[in-house]
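All chains are identified by letter, namely A, B and C, in their written order; residue positions are counted from 1 within each chain.
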Amino acid sequence: MKKSKVIKEILLLIVAIFYLSPIYIMLVNSFKNRQELYENVLALPKDFSFQYYIAAIEKMNFLNAFGNSLFITVVSVIFIVILSSMTAWMLARTNNRISKIIFMTFIATMLIPFQTIMMPLMQEMNWIMKTTGIPMLNTRGGLIFMNIGFNTSMAVFLYHGFIKSIPLSLEEAAMIDGASKFGIFWRIIFPMLKPITVTVMILNVISIWNDYLLPSLVLTQKELRTIPLSTFYFFGEFTIQWNQAMAGLVLTIIPVVVFYVFAQKYIIKGIAEGAVK
Amino acid sequence: MKFRKKSWLAFLLMVVISLVLTACGGGNDGKAKKENSGDDGGGKKITIFQSKVEISDQLEALAKEYEKETGVKVEIWGTTGDDYFQQLQIKLNSDQGPSIFTLEGLRQAQKLKSYVADLSDAEFVPNIAPKMELKMDDKVVGLPYGVEGFGIVYNKDLVKPEDVKDYDSFVSTLQNLKKQGINPFGLSQEAYFLIGHMSNYPFSLQEDNYAFIDKMEAGDVTMAETPEFKEFGKFMEAIREYSNSPLDVTYDEEIGDFASGKTAMIHQGNWAATMLADYDLDFEVGMMPFPLAGNDKLAVGVGAYWAVNGTKDDAEVQAAVDFLNWMVSSETGQKYIVEEFGFVPAMTNIEANNLDPLSQAVLEASNSGETIPWSHSYYPPNLIVNDFTPATQQFFLNKDITGDQFIKSLDNAFQNAIK
Amino acid sequence: MSKTKNRFWFALFTFPTIFIFTIVVIIPFISGIYYAFFDWDGIAANAKEFVGFDNFLKLMEDERFRHSAWVTIKFTFLALISVNVLGLTFALIVTSTLRTAKSARTMVFMPNLIGGLILGYIWSFIFSDAFSIIGKVTGFESVFYNWLMSPDYALYAIVLVFTWQMAGYMMIVYIAGIENIPYELMEAAKIDGANYWQRLRKIVLPLLMPSITICLFLTLSFAFKIYDVNLSLTGGGPINSTEMFALNIYNEIFGYSNYGYGQAKAIVFFLIVAVISLTQVYFTKKREVEM
């Protein structure tokens, strides 16, 4: 019994490590010069000097980009969580045609490839800017607004599925007590949504933090660049600085991994009482 | 009562949301405005959106020097070269265009006809090396970044230029090298390095290469019936027979194989010098012409031009022209072009010293006029990446395809691209 | 509560989201449809010529688009299975009592974070070098060679990389579903003597249906829209064998500068995909158990 468990543990570890091999390639090559990289991609670097990391930090103007990315990601994700959880709850609990149509529209639009709407989107934003004076382009606020628009449909979809599995009886009881819908949602429902909220947060943090295409269209000023936008220096027309690019990527993903390790505590109840044993 | 209170809360939340959203926007707006008002004291601001990532850092430094000298602020936007034109297109379409942008050839200039300003009267025009400016309808619309050239980059220990003069000598050189266990001729899998640059030769050896392409588009002529192309097919057959498949090789590996002496010749341009500089070479490097139909000239052209956005107000257009003029005429600007950007200057009033051997070869060829032009910048859009490349991959994967059949498939690919 | 009040709450809860969503997604999408009826090169200042349904008619004869449709569907089908089988398996393992589960959870999550050119670089190396080493060591050289260079295998290479990336993503969604299964239910089943497989089949999977609906749909939508991995890994090659929908449309719009035609493709693409996906959602939703 115990022996088989040890074997399982080891097996799992091996699978996980194998799964990570591309990450290994990324890590070791962020320390190599071009000749080393060419000679053997798999080998450990001759020395672990952080020169490419330092170069990457300098070129990317890392602190500034980090601040921008952090601000944009955090604000976008907060709004996405608030707005889509409320919307999803209403849609899930209202059983009429309109709510079904709205829900289906949300889902269907998740199938639109961004590349096909980016041009009309930018024209529309420019039009809004011209007619109303609200600065949609070249501002963090504008990018956050668009992030919300593009990411709520998936969040609504995730929440919707989860809310369906929450018993109605709780809400009905509260309703009889005279609580308003607003109160019911924030006091009773939202706390119960914690696992899916954390999931939504993780998935959105990943996609917004790493997004390149949309920010590249919205933000042109140097001071506003996010981390992915700042990595452009490494990808030349003919020459790519692989070592610096990989170092830059390592720096980019560390905050997300830290966030994930922290956040996953909240989706995994207690390990000892895991659902499936 | 209770219900009221809660609905108030809800309302408040909505207000806060909208407030924060506008505040985010507004906050930056304020900042942007401040920058603008600051500029009004010192002068105009111009923006540059350009495709050559390699020089972004240096260009930013140059912009700072310019601001110090003249008070005009120059803002450089970022791009990853690959999606440059698509981004430019979207920016122009949504009225967010830069004052100065890159054009990569006549095709792009024609497409953006209503945006490019006429630079014919600019001060720098007379100093552009002969035929190196970008002309559309007899108007100068582009100032060259610099000249670039490609040909066969070879290892002087392994190959002598005398042995690569025409088809027969080329083939016997390949055979000899192969016997010594050296990969004779390297291409790489990236579209431009696989076929884009190579396909230039048969076009550029025509009397009027642009007219030839026009005729092909009109259906008046095909590659399959043109002798230079037939010979090109034979050359490609020889390369396929004696060399390692380029499809397996990335540009990085191509350079690495060359630098470590495993490959004797590669088809590359002077830009490869920056990559080679990262290796400790124990041999000398040279560049020689690709001997298609006895060709003895390097292919030299301009990969990118500076163009000015003519839809901006007159003051901004003028400021943009002034900046370009300063860049190619002031001492600081010229120093940057040669030393920092690493360009082979395309201006007669800029001197270049201490060039790497590949750039030196290009400069000499360009100064003596012993060059053949670039044709690929006049190809129909996307021809290389989407049509020539699949045909070439097919050719390298399937050894039964003859050179003639390959040229026919290029004909088909061409027709597909203009459809 | 009265009907008007309900309506008020409905509007209050949904309006902000719908408002933003409409501006950012719906309006651009609809204006995109408008362009599909024009012959236009995508430069605002250049002429647009109204051509009616010509772009759609042209589409019927477009061999390459049909081919890319077929490749996309094949890819999506394979990815759907591999991503979800692997993602669900991962989720079940990492929510178990194994001590290494916690670190495995982080490891499986990480591939999500590598994108773009670097992804292409790393994997092209794995396929070209690591695969040939595996082939030599194991003797299966006919299986382990550079898949990216073979028109028959390149698609599987993309499936592999996509699975490697997305399995961890779906795992996160599955974990949330598993955590939502009442603990008491499992204990009761255990006391009744149900073994692991019985519990999995009779309790876990049925209760996981909402998560499965979600994950199937998410995989479907990501797979149909696949662009980054496609571009950086094969660029559609060799010989256009792996050019999928999104890349094909992108090439049409920005490569060949046929904006109107590209938009027509996008609309047809959207319709095909919507029919398939909504059918999937409809059928899996039906199997969900409400509690």
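In this section, contacts are C-beta pairs under 8 Å (C-beta built on N, C-alpha and C of every residue); 3 or more make two chains touch, one makes a residue touch a chain.
All figures in this text were calculated on a predicted structure; none of them were measured in a lab.
Student: Can you list every chain that touches chain B and also touches chain C?
Tutor: Looking at chain C and chain B together, the chains touching each of them are A.
Student: Using C-alpha centroids, which chain lies at the maximum separation from chain C?
Tutor: B
Student: Need the CA-centroid distance for the pair chain A / chain B, whole Å please.
Tutor: That pair's centroid distance is 34 Å.
Student: With chain centres defined as C-alpha means, what is the inter-centre distance between chain A and chain C in Å?
Tutor: So the centre of chain A lies 16 Å away from the centre of chain C.
Student: For chain B, write out the residues touching at least two other chains, lowest number first.
Tutor: Within chain B, residues 7, 10, 17, 89, 93 contact more than one other chain.
Student: Which positions in chain C are in touch with at least two other chains?
Tutor: Residues 12, 16, 42, 44, 121 of chain C touch two or more partner chains.
Student: Out of chain A, which residues touch more than one other chain, so two or more?
Tutor: Counting only residues that touch two or more other chains, chain A contributes 83, 118-119, 123, 145, 181-182, 235, 240, 242.
Student: Spell out the residues on chain A that touch chain C in their complex, using ranges where they run on.
Tutor: Residue positions touching the partner: 5, 8-9, 12-13, 15-17, 19-23, 25-26, 41-42, 83-84, 86-87, 89-91, 94, 99, 102, 104-121, 123-124, 128, 145-146, 148-150, 152-154, 156-158, 161-162, 164-167, 175, 181-182, 185, 195-196, 198-199, 202-203, 206, 210, 212, 235, 240, 242, 245-246, 249, 252-253, 256-257, 260-261, 264, 267-269, 271-277.
Student: Sort out for me which residues of chain C touch chain B in the complex.
Tutor: 8, 12, 16, 41-46, 121, 124, 128, 146, 149, 151, 235-240, 251, 254-257
Student: Which of the residues in chain B end up touching chain C in this complex?
Tutor: It is residues 7, 10-11, 14, 17-18, 85-86, 89, 92-93, 111-115, 191, 245, 247-248, 250, 381-382, 385-386, 389-391, 393-394, 397, 417 of chain B that touch chain C.
Student: Show me the residue ranges of chain C that touch chain A in the complex, using the header's touch definition.
Tutor: Counting only chain C, the residues touching chain A are 1, 6, 9-10, 12-14, 16-18, 20-21, 23-29, 31-32, 35, 42, 44, 92-93, 95-118, 121-123, 125-126, 129-130, 164, 169, 172-173, 175-181, 183, 186, 190, 196, 199-200, 204, 207, 210-211, 213-214, 217-218, 221, 224-225, 227, 245-246, 249-250, 253, 259, 262-263, 266, 269-270, 273-274, 277-278, 281, 288, 290-291.
Student: Along chain B, where are the residues that touch chain A in the complex?
Tutor: 2-3, 6-7, 9-10, 13, 17, 20-29, 32, 47, 49, 51-54, 56-57, 60, 75-83, 87, 89-91, 93-96, 251-253, 255-256, 259-260, 269, 271-272, 274-275, 278-280, 303
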